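In the two assemblies presented below, subunit A is common to both, partnered first by subunit B and then by subunit C.
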Partner chain A sequence: MTLQALLSHWARNKMQLAMLLAGLTLATALWSGVQALNAQARGAYATAAALVSTDGAARLESPSGQLPQALFVELRRAGVLVSPVAEGRFIMGDTRVTLLGIEPLTAPPGTAAALADGDLQGFLSGGGYAHPETVAQIGASDMALTPSQAVPVGTVLVDIGTAQTALGMADQISHLMLTGPAPDAMPEGLRMAQADAGAELDGLTDSFHLNLTAFGALAFAVGLFIVHSAVGLAFEQRRGLFRTLRSLGVPLRSLTLALALELALMALIAGLAGLGLGYVMAAALLPDVAATLRGLYGAPVPGSLQFSPVWALAGLAMAFAGAGLAGGQALWRLWHMPVLAPAQPRAWAIASGRAMRWQVVGALALGALAFVLGVFGSGLFAGFALLAAALLAAALLTPAALALCLRMAARLARAPVVQWFWADSRQNLPRLSLALMALMLALAANIGVGTMVASFRATFIGWLDQRLVAEMTVTPRDAAQARELEAFLTSRVDAVLPLRRVDATLAGQPGAVYAMRDHATFRDNWPLIQAAADSWDRLAGEQGALINEQLARRAGLWPGDRVALPGAGDVAILGVYPDYGNPLAQAIVTEDWFDRLYPDTPTRQLAIRTDDPDATRAALLDEFGLTAQAITDQAQAKALSLAIFERTFLITGALNVLTLSVAALALFATLVTLSGLRLVQLAPLWAMGLTVRQLAGLELARALVLAGLTMVLALPVGLMLAQVLLAVINVQAFGWRLPLQIFPADWARLAFWAGLAMLAASAWPAWRLWRGGGEPLLRVFAYER
Partner chain B sequence: MNVKVLLFCLLPAAPVLAQGFAGLGTDAEGFAVPERGRALQFPRDHGAHPDYRIEWWYLTATLQDADGRDYGAQWTLFRSALAPGESEGWDSPQVWMGHAGLTTPDTHFSAERFARGGIGQADVAAAPFAARIDDWHMTSTAPDGADAYSALQIAARDADFGYDLRLEANGPLVLHGQDGYSVKSAAGQASYYYSQPFYSVTGTLDLPGGPVAVTGQGWLDREWSSQPLASDQTGWDWFSIVLEDGHRLMGFQLRGRQTFTAGTWITPQGQATALPDGALSFTPQGTAQVAGRDIPVRWQIDWPEQGLSLQTAPVNPQSWMDLTVSYWEGPIRVTGSHDGRGYLEMTGY
Partner chain C sequence: MSLLALKDIHKSFASAEGPVAVLQGVSLAVQAGEVVALTGESGSGKSTLLHIAAGLEPVDAGQVLFGTQDMAALPDAGRAQLRRGTVGLVFQQFNLVPSLSVGANLAFQARLAGKHDAAFCTDLAARLGLADLLSRYPEQLSGGQQQRVAIGRALAARPEVLLADEPTGNLDEATGDAVFALMLELARAQGTGLLLVTHSARLAGQCDHAIHLRNGRLA
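== the complex of A and B ==
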């Protein structure tokens, strides 16, 4: 009965109900969508990890990346339980895949699980297993492929014999999986490495997922602004109803319970709708997220979403928590309301000077916290905490700052209508403040992230031009072909620069040591962030190594420090080079030294400097008989790198747009609910001779002015955000720091969109005012008491 | 589900496929089939027969330590072929499976190894004889000119147990059935089957409590075929018994719609008498809960014609080979008309 009375309010205020539900739905959708993406990606890492190792099992490998198969037999004969793996990149049908060759009889149980219920005779005689998406990507192929969800995307699981034949690795294997206890003495040339690929991926991609989560949380917070304002307004409008119900004898407990029940009902409806929407959103975004993770980290994430009850329940819980957070204040106030409280329809949250002062105090406290975090904090989490504190501080300051602007504008105004315009705007500011805070947050996030991405892109493109100087690169099939290629090319081109690397742990981080030939190509072009004196000469003189920025920043190693290289002991750091897009640590030593340290390391690629790339290409194809796939020209490499880069931030852009939309919706919700209340304030002006059309125009103008002012306030906040992203978050997450660059054209575009969003949000209330004519305004006087 | 189970289910004839036995009755297409009257030749037939689908080298030993405590050891190498013939490298159609068991009165240990043929991880060479999988091996130590099986060393090792045994044969090889042609069903399925049942054994067991020196008697079974069971046969109970008077008895029953029995009575000098279907009878006398199933671990064996009436009791009723392919296998004590020791294998429960 009580509940029915309460719910009748929503039947009369359908738009308010719609806003409340929409806000909660959107907030839940964004949050749960992001969680779904994270869950999907993590699941994929686990799949990948299970395939290549038993729980935490180690692998034995040679730094050079290849082992003779005979060593496998030798170890088994000595009682060491190992299983061989031969893997490599391979072109199948229409795509390039990782061909993972295993030996099913000795492989750890996780690998075997991928084959469960399959045709093993077919597997042993040349069949393969791949994720359904990969099977579809490959299209037509000679190999009989069985779809399996247990195989990571982009991998084709085959028998080791099949892999060796396809990859030209006869009697060679890539590494050994240890399935029993470690051998007492490690055979010569072998070393043990934790094959926890999943954990490694987890570590590398943590920052990415934290980024996504932060965006989800931001969107959730913005969504809660809507819910809060809708619940609060509904509470204010129902004060009369509450008083009537209480006077009729409804106990306070029942009334509060009914209101809580109502809130829970809304949370349930909106939560379920939000989950559905979140799922749709995640499914739509997943291909981009998957592409980003694959491009940036090589993480095998499938592009199709699977439903998991975990994030669904978490999303629903967030909907309830959000509704509770947004509606808690209303419940609390109802609990403390005297039975016969004045029932005038007071607009909710008419801010007194005191309330605004408290906001300013809160903002200053948060600002101080942000400052402390910025100065003393370290780590990704502290970075995000700093961002949250700073953004919240800025949001809380927004009403006060806007009030100040409006007061100054009012002082300059002379015409009475203009004076009224400014005064009225200021009067209405408290009612709009929540929605404006949301807008400010969304705009600042847009400016900050946009600036970060644009700064990154500018730096990245410049860096690519410097790094990719070789006209083409060639990927040899094996070590023998690499030697033949080098001999073949030496007389035909300006320079052949072989690329060799060994995997290594550098300052405790996974990484690799690379060989670099002393050549003008590198001296002239290789960008260095910091360099010791005569770094190139000293590098050629085998007096040290270059390291990448990731290693330098994470380990705090700079020119003048020393780093331990496997087999070489501590060597001097001669320079630090930027290495965008690569999550791993790197060190470079000169080629001759490398060959002495790590003999028999196969050449993985050959970079070629030539004036006539076309002729070289033709010679390689026709005379040498290389396949076209083995040759990558400069333009291709650049395009590939840029494509990876663009994908990396696609998801960020999509979430930006969504956040801004939520903020616009918040404004719309507030303006619509306020429009009824505003009639009282507009009626006297109409009575004094302003037309409804003029009044509607003034309403639109006010919206634009507020949007413009908010945009101006958001600018410094956004730049602060960009600076934190570039100097704190990026360094922690990726290991590189980029200079902040300013792109005013982007801001103009954003201001245009913000204005448009504000216009759209205020258009309907203004249009209703205009279309309603004088009658509703006249009615205001009729009700005057 | 484990890939290895699947793999061995796929191979239609691994002998100890205790569960299901899907495909055991299929045609032996492409594979060589045992023929009555073909004489076995040694040392050639000590080695592998890759044209046949399945084959095993199966050694069991009943052992005692200085205090008279009973032990049992099992060493088995199974060969199973996806296709007839042998080739080098990963293309080899041969698959190998090793089983090792070690029984004490209160614990039973078991371990397994798998390997593909063609790469050297597992193989059997006829002369000089050596059967190997990983670091497990059965190697001939016989002097030149003697039968390769007349002296053997076997060893196997896993995380928590191991053994190293030396075997000396005190009698000749014994051919089962008709000169080694052993019929396995009323429908005529058959295998080649011979044994060396006269080993005396010395060696060391590695147990969690430390090494234990043991002596005892050993029995080697060699068998190969391409289609050993009829389609309705679901499992078997197989006994190898050394009686105190020096006689040996090999006897088994294959359970199916109709039970099929067979056996060989071996004199202390090695003269063998094949016992036709129905001559022996096997009656369960008591079961034990093993690995969640009821398994008849006590048996009554009767051969009325000879006045033989034996009761068997396990050294350890829980002698369960808890492996990818699981079955019961362990040492037994024999009483009744004759006393003795032996080994019992039961599959399909």
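== the complex of A and C ==
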């Protein structure tokens, strides 16, 4: 009965109900959507880890790369539990995959699980297992492929014999997985390495997931603000009802219970809706997230989402917690309300001038904290704390800064309507401030992330032009073909530059050592961030190595320092080169030295310098009999790299749109709940001779002006954000540092979208005002109150 | 020709029990410089009639004429123009612009109408006892002070027709009398037609005419 009386309020205030449910639904959806994305990605890393090792197990490898297969038999005889692996990149059908060859009888349990439901006979006679998405990507191929969720995306699991044949590794293996305790004495020429690919990916991708979680939490908080204001308003409007019910003898306890029940009901409805929306959102975003993770870290994340009940329960719990948090204050106030409290005319959420002063004080304190963190802090956490403090400070400062702008505008205005426009905007600022803060955050985030990505793109394109100087590259099928190709090409082109590498742990980080031929191509074009004197001559003279920026920054190694290379001991660092888009550490030594350090390393690619690429291509195709697929020309390579780059930052675009939408929704919610109050403020102007159309137009104009001012304020904040992202977060997360560049055209585009979002948020109340004609305005005067 | 003429006005409002007829054939006219008092019980439709005269409320039947201009023939913008330049309105309440100071409120309509005269405005403020309150905001004023601002605002625009809904309702008797006297003086001096709702028979007695609204008709 009591509940019925309470719920009847919502039937009369449908818009308010819609706002409340929408806020809670959106909060739950964004939070649980982000959680679903994180869980899916982490699950994929675990799959990748399980496939190549038992929990935390190590592997045995040779510093020089491959191992003879005979070693496996030897070790097994000696009672060491190991299993051989042959792996390598391989072109299959329409794509490149990692061909992972294992020995099914001795392989660790994770691998066995992948095989469990398959056809072992087919596997042993040349079949493979791959993730359904990879199977689809490969398309038609000679190999019989069985789809399996237990294989990471981009990998084809085959029998070791199949892999050795395909990769041209007769009697050779890549490494040995340890499936039991480590041997007491390490066999000659072998060393232990941590093989936990999952943990490796976890470490590399942590910052990305931290980013996503931070975004989810921000969205959740904004959603709760919407709920909080709707619940608060509903409470104020029902004060009278509460008093009536209480004076009719309804005990306070039942009334509070009824209100709590009402809140729980809303949480349930919105929670379920939010889960559905969150799932749809996550499913829609996952391909972008997967592309980003693959592009940045090479992490094998599938693009299709799986449902998990634990996730659903956690999401519902968040909805209840959120409703409790947002509605708790209302319940508390009800509990403390005297039976005959006078109706308080105080509006529900008017932030007074005093509140604004406190906001400014808070903003200054946070700004000081950000400054201290910026000067003295180090590490990823300090970077994020700096970002959070600076953003929050900027958000808190927004209302005061806008008030100042509006006050100055009012001073300059001459026409009465214009003067009123500014004064009225300023008066309504406190009520809009929360939503404007959300807009400020969204815009600053957009500018910051957008500038970061655009700066990155500009640097990346310049870098690609320098790095991709070879007119074409050829990928040989195996080591034998590589030798034949080199011999074939040497007389036909200006230069053939082979690419060879061995995987290696450098300064404790996973990475690889590369061979570089001493050639003008590199001397003239290869960009270096820092170089020792005569670095190229000394590199050619085998006096040291070049390392990539990631390694340099993470390990703090610069020219003048030394780095340990497998088999070579500590060597001098001669220079540091930028290496974007690659998460791993790299070192480069000159080719001859490389060949002595790591004999028999197969050539993976040949870069070709030639004046006549067309003729070279024709020769390779006609005379040598290479397939067109094995040849990549410079333009193709650039296009491919750029495409990977664009895919890498797809998710940032999607997140930017989402944050802007949340801010627009918060504004919409605020403007709708305020529209009743607005009527009282607008009615006198209507009576004095402004038309409803003019008033509606002014409402829209106000939204645009506030969006424009917020955008102007967001610019410096966004640039600071970009600077922190480029100079602190990126360096920590990826290991590279880029110069900040400015792209005003992007700002214009963002300003356009922000204006559009503001227009969308204010369109409905304005349209209602316009359509209502004078009728709702007249009611302000007609009823005696 | 009268300044303002209402002819056979009919108006009813929808309610839960069907339409309620509030005005059932009301006709009246106000001449330049004439002061007309409108009395009637609470709920008899006085405010409604004023709103109709100001072109705020549409009628079911009948005509509102300003001079020869038929209100119904005007588009929305034309009616707004009329309210801006020709009509002055004093409502019972909720009539000040909350975001503007008292001074700005006083001058607002006059400036909208393009008839602002700073000296006249200052004089009005002094005579209404508002001189010390000019930089305050409406929410910082008492009900009576707000009402005087509203009256001043309408007078400052020097309208041809002034429609005032219980303008002295919130004022004590002495202040009410003084304000009423001021309105009368200015109306007569400027040739303004004044239609005034009041409960006070004493004030109605000082007007040129007094008309009484009962059961939707003038008595």
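As a working rule, the second predicted complex is superposed on the first by the 734 of 785 C-alpha atoms of A that agree within 3 Å, B and C clash if a C-alpha of one lies under 4 Å from a C-alpha of the other, contacts with A are read in each partner's own complex, and residues count from 1 in each chain.
One rule holds for everything that comes next: contacts are C-beta pairs under 8 Å (C-beta built on N, C-alpha and C of every residue); 3 or more make two chains touch, one makes a residue touch a chain.
What you see is a predicted model; the values in this text were computed from it and never measured.
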Combined model on subunit A where subunit B meets subunit C, clash or fit: fit
Touching partner for A:Gly79 - first (subunit B), second (subunit C), both, neither: first
Contacts of A:Ile269 with subunit B and subunit C, given as first, second, both or neither: neither
First (subunit B), second (subunit C), both or neither touched by A:Arg426: second
Partner chain in contact with A:Ala687 - subunit B first, subunit C second, else both or neither: second
Touching partner for A:Ala18 - first (subunit B), second (subunit C), both, neither: neither
Subunit A as apex of subunit B and subunit C, Cα-centre angle in degrees (nearest 10): 140
Touched partner set for A:Glu103, first subunit B, second subunit C, both or neither: first
Touched partner set for A:Gln69, first subunit B, second subunit C, both or neither: first
Minimum Cα separation, subunit C to subunit B, after superposition on A (Å): 75
Contact set on subunit A toward subunit B in their complex: 69-70, 72-73, 76-79, 81, 103-107, 109, 112-113, 115-118, 120-121, 124-125, 159-162, 164, 180-181
Partner subunit C, residues of subunit A touching it in the complex: 415-417, 419-420, 423-424, 426-428, 680-681, 683-694, 773-774, 778, 780-782, 784-785
Residue ranges of subunit B in contact with subunit A within the complex: 1-4, 6-7, 10, 82, 89-91, 95, 114-116, 119-121, 132, 134-135, 157, 159
Of all residues in subunit C, those that touch subunit A in their complex: 47-48, 51, 54, 56-57, 76-77, 80-85, 89, 91-100, 104, 107-109, 111-113
